[in-house]
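Below are two complexes that have subunit A in common, paired first with subunit B and then with subunit C.
The block that comes next holds the complex of A and B.
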């Protein structure tokens, strides 16, 4: 087993190095080509002096001649310093389709070229956002991410590729981006944004895109942007929905009520940690998060190409900021909500702000604690739990508790994953009672009578088979414990007569220790 | 999403993200009028636990406009949600 995975890893590394090498060769070729073109252009300019040289070579005194040459060469230097065309020839061609838009034009393109944007998170949002910004010719793009590319990222994180699984997301994105547009400087920051380093990382950029995936990073990035006066384009997506906001725009100092609201103004309280779902737990559709990332790039271009004159205080806030809500399966798909102005007592952007650069730099602001964290569930005692190994024995050999031979009807195996996941793969003979159903079953419905009229079907069905032990399994082994507790509270253990317990570590442990062929989704 | 006009004497309420998961609905119609300050209490009666688990961190909008319900002295607590209004419950989504 081990050696196969080692071989596989090395293969992947070779493939990824080869693709990097290919990319570097291509970049080299492009750079050489550009260099050559520039040389040729210079040669043409040099040769154009020839007739003058010819004229000056005859019948003129040497001293005078050298004086004239000196003057000429001097003016020639002055002449070449302000270039005739502000963009390179190749840039007119590359950006032609957007240059001719009235909202962009030459000034807009030059503003993009002189701008630097920090993309924090190079995942489902950051990939499309960075691709469009690099494509549009933003001068410098910084990429912040500490993760490596995984196979389960590829359906939505469009800068990465199968051959680059295992590479850092930042490096993988650089391969794609520098081959897309070699004119753009891509600056790597291969680590997660930390409070202590946030200011030093963000400082040198003009604008920030929040493409991260946790509440803690959202508050940290918003606070940093307020402290440094950077506009922030914040987006998020989960399942089939997304949100987009342009925050701290205009980025006026804390206390100036004409500045744009920050993340804390809109969402002063973080969501309860147990309600926070990751894309791994809740799921995400590629185009849904893609739409949100593309919209971030659009908002960024709008802000960057805006005439700076309109940012002067007298022009501030011609239209209030909005929160755009996207529901991929909704009708309508988009809803635009008019947001509030800065919150008068916001902890970050009001005159009473308590968040300072010093506090951030010293690391005394604990964002993870502010947002709370979920510790693994540990709700059951040892005799209410069974290991996957023992459960496997129970299924194939002898019941370790009763010493009985296995039979199909010896026990009930309840799988509490949601219906869709149960449909993907399940253990033979298991019954699906989705966790959401378990949680929403209220206690007073069932405890009073043996089978009240309001009792949900699953409770009465389990009560109908009172003698068989119940084993509860889920994906990771947390929901199963909560379910066991709930079943006992509902009286399904017949006052202790019937054994109810959970399978430790869930189907993940089952795959790791018992059945390697069980799908890992 | 079955939006559209709410029946007489009702306003419509839209649930997004975690609010939709908790209620099991994306939209419904509730009796109007309701004072903004009492909105969460009436939702708690319909969906026990929703205030702590969802609403406390949500943005609330009335007719596509954000209303501030944070703190005891915000004027929008006195806003009357009227018949035909559209209220939205918008939990922060943080993944990406």
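The block that comes next holds the complex of A and C.
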């Protein structure tokens, strides 16, 4: 017998397929419409020679007519061989608004048309970046991503759609991009960029956009671009802020100090993994990451349409490398910062570079290890932890430890998610002590300030109720463990008199095992 | 140097602006912009440079105990760009740069989201 969840899943799949079908029908309709328009255009051109056709058919002697026809068709061939207009008629129309800009013009448009750009990461940055490059008529766009579209992507990843949740991001983006501009070749690379294949993937492109979200991929992409001599436009965003850099531009060989700095010149060492926050944990506002992706497309167009003459070594006098920082809620919103030039002992782009194509291809460079990772927190012993099932029993039935009926005052439930998250949803009766407050509490308060408060309010409040056990919960079950440790270090356990422990797996486990209706954000 | 020190004369101090972005502000009472008066000379009589400022910030401005999110191995941790008047401090002599009145010092933590 099929369970309800199976039925639900199938229903969802049908709905998704149906809406994909709708998408395809729409695309078909657009394609047919386009085809029809082209036909009409051709017929109009045919009918424009009407007077001549008329003369040829009715006004001239048959023998002469065939001769004239032969001559006419011959000259026509001669004229059409060297194409009169370098762009197709439809391209003049489509790109007209940018063609008339002095920075672009016919030459710029042809450079775009002949260019190929690799967009690595088809998320919040890659979606708007690819959309604008395809819109502008860049000849070939490669897309690299191994992820599938999730519902939580849609507020910012504008190429995907509700109906394409579950589809690979690359395929989903292709649907959008090919309907936006059928003149552009969109090349799919449906996998995460790996060191072993990085060179073969990047090689055939003229330029790379780093739209990824981890330090490891940023180092890998930068190294690959240096080895292959490709300019790199790198952006990132988190919460309400974004950063943008054009790297390895001009893309001169390693050791040539006139080349632009690479990611390693600016950041020779990776940040400690615990300082790296993802969009899933830190949050991200759609237009903030969108602005950064759009700026990447703009930088790409600027570099691609530049007169190649100015790239010759004797002209190399690049604008100094800069980092643009953006704060969506700041005033001013933008700030441009002068960066250093190539680092004389850079591991990637100096004459003493240790990173080689051979090392990269062989897979001996482990970028993930280089950047490190945060291992899951395992700070507590078994008797300092309770499963969500047991905690649910404790709330609704009989206390498994004391055999007592539940009472509201039997314990304190501390939720250490940040205030905003607590405001979204919380367990009844829980009190909020944000984790940022917990970790910023010093153990030895007297060291900080003599005049300031001796201890933060939350510590004294919990000390004021010394007899109730404390259960700590968070989103995933990591911060709760660190909080339990900290509470004990602060002496809140009354020297072992009071039980303090965490709820294993946090509210995620609570939703999965106890309360499916608890919001999943 | 503590907050209780007798008020310094103007000629003994440097007025500077220190800013934090990219999430670093969380370590500094959630304030992005700080206007500070710092001693013009270190206790040994040398001019206050960036190394001394970083130390000063750690001792006096940073209330958060997680110092290693700002300082590692005696200097600003990897992943933080230090900018002196909107230029990478590597262009200005890094931690040996001697601070002048009116300087704007910006600490930018790199972002990785995308």
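Rule of thumb we're sticking to: the second predicted complex is superposed on the first by the 432 of 521 C-alpha atoms of A that agree within 3 Å, B and C clash if a C-alpha of one lies under 4 Å from a C-alpha of the other, contacts with A are read in each partner's own complex, and residues count from 1 in each chain.
In this text, a contact is a pair of C-beta atoms (placed from the backbone, for glycine too) under 8 Å apart; a residue touches a chain by one contact, two chains touch by 3 or more.
Keep in mind the model is a prediction, meaning the values are calculated, not measured.
Student: Once both complexes are superposed via subunit A, do subunit B and subunit C end up clashing or fitting?
Tutor: Overlaying the two complexes on subunit A (C-alpha atoms) leaves subunit C and subunit B clashing.
Student: Contacts for A:339 in the overlay, against subunit B (first) and subunit C (second): which applies, first, second, both or neither?
Tutor: Touch partners of A:339: subunit B and subunit C.
Student: Return first, second, both or neither, reflecting whether A:153 touches subunit B, subunit C, both chains, or no partner chain.
Tutor: neither
Student: What is the contact status of A:430 with respect to subunit B (first) and subunit C (second): first, second, both, or neither?
Tutor: In the superposition, A:430 contacts neither subunit B nor subunit C.
Student: Thinking of the overlay built on chain A, is A:271 touched by subunit B (first), by subunit C (second), by both, or by neither?
Tutor: In the superposed model, A:271 contacts both subunit B and subunit C.
Student: Output check: A:181 vs subunit B and subunit C. Expected answer is one of first, second, both, neither. What do you get?
Tutor: neither
Student: Tell me the contact category for A:323 with respect to subunit B and subunit C: first, second, both or neither.
Tutor: Touch partners of A:323: subunit B and subunit C.
Student: Thinking of the overlay built on chain A, is A:109 touched by subunit B (first), by subunit C (second), by both, or by neither?
Tutor: In the superposed model, A:109 contacts neither subunit B nor subunit C.
Student: Once the shared chain is lined up, is A:331 touching subunit B (first), subunit C (second), both, or neither of them?
Tutor: A:331 sits against subunit B, while subunit C stays out of touch.
Student: Figure out whether A:246 sits in contact with subunit B (first) or subunit C (second), or with both, or with neither.
Tutor: In the superposed model, A:246 contacts neither subunit B nor subunit C.
Student: So subunit A touches subunit B in one structure and subunit C in the other; where do those two contact lists coincide?
Tutor: 121, 123-126, 211-215, 218, 235-239, 241-243, 266-272, 274-279, 282, 284, 289, 323, 325, 327, 330, 335-340, 436, 442
Student: Looking at the complex, which residues from subunit A come into contact with subunit B?
Tutor: 121, 123-126, 211-215, 218, 235-239, 241-243, 266-272, 274-279, 282, 284, 289, 292-293, 323, 325, 327, 330-331, 335-340, 343, 345, 436, 442
Student: With touch defined as at the start, can you tell me which subunit B residues reach subunit A in the complex?
Tutor: 1, 3, 16-18, 21, 26, 48, 52-54, 56-57, 59, 61, 64-66, 68, 70-71, 88, 90-96
Student: For the complex, give me every residue of subunit A touching subunit C.
Tutor: Per the touch definition, subunit A meets subunit C at residues 121, 123-126, 210-215, 218, 235-239, 241-243, 266-272, 274-279, 282, 284, 289, 323, 325, 327, 330, 335-340, 436, 439-443, 448-451.
Student: Taking the complex as given, what residues does subunit C use to touch subunit A?
Tutor: 3-4, 21-23, 26, 32, 63-66, 68-69, 72, 77-81, 83, 86-88, 90-91, 106, 108-114
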